[in-house]
């Protein structure tokens, strides 16, 4: 019986390491992307914007826009049972680099214990007239 | 014998999970990047453009440029026995965000079953006067 | 005893494949990001700039700026016992695409055996008036 168990070892190893995939669809099925894709313990998260649900536009205040965007991003991650602390890399695109400090002050509050790596890049413009877009990769801790 | 088998378990685990690397070189050996790098079951793909092979420039039509770019991207992935459906995250840079719908209509046709996560970002300009550039990460399904 | 060993197999498999995380903090604890995060054998590296330590600004010469940036990037990777050859994907943002060849000539010298995949993208502007920013993912070879 033990010998037979050992025969299954390579299979178990393969199953243990091969990444099963789970997709988290977009709210709008017309859009050609998933909001998040989990493979193994790694979660890939789509670009998120800070949009006011009532107006469909970014709010007037830049700090509130950052908060809305990060909350939407965290909500997507929560669907995969992850928190912002699980992020390992994010890229923030920003239409106005003078918002760097404003963004950082809001951003810091989204994390409990640690931060991911980050690039903070200027974009000439963003979809829907937003000031920021964030995309990321997380690994379950 | 069984005891001896158990001794190899940590080694097997390490081998099973450590990522072997395979590089897929660029057509032009002068260029300092690989077109794709496979590590374990994860494929990293370089930025691709939509260039007309005859002229060396992007085609006049924006939809045809998107098609050329995505076909070139899929061809690189095929070298690693992957399809667009294996993508988990892409970033599309676009020199003109008003092409969002045009791009999506072409993009959608490259996928059979599901989509990766995506960021769609404006770029002030792109190499060779292109309208789009795409980079991505895929995991063998 | 052997039977009891087999019971631990799933646990060992999980431990073997689950990614332990190690953070490499930024020099400035005020900044909300880690310079690098290692999970399993994958290293995520933050955006790096080419800043002259004496002036706090990018040097006048574009090639020297590229060298400073890549050396800073390699130094961060070295903290995780990795070299530039372990990179699998980088994104270079550049405020002036006419620097493409200048950048490539410097970039090439940072690698011994092989190159990562790469996107080379224009940015309208970069933090601290820099010409380049680089972000990347590496996997221990």
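As written, the chain order gives the labels A, B and C, with residue 1 at the start of each chain.
Basically, a contact is a pair of C-beta atoms (placed from the backbone, for glycine too) under 8 Å apart; a residue touches a chain by one contact, two chains touch by 3 or more.
Since this is a predicted model, take the numbers as computed values, not measurements.
Note: Cα superposition of chain B onto chain C, rotation of 120 degrees, nearest 5. Two copies of one sequence, chain A and chain C, touch each other mainly through non-matching residues, since under half of the numbers at the interface are common to both. Chain A and chain C have Cα centroids separated by 19 Å. Touching two or more other chains at once are residues 2, 9, 13, 16-17, 40, 91, 123-124, 137 of chain B.
Contact residues of chain B toward chain C in the complex are 2-3, 6, 9-10, 13-14, 16-19, 21, 23, 31-37, 39-40, 44-47, 91, 93, 123-127, 133, 135, 137. On chain B, the positions that touch chain A within their shared complex are 2, 5, 9, 12-13, 16-17, 40-41, 88-89, 91, 97, 100, 104, 107-108, 111, 114-124, 137, 139, 141.
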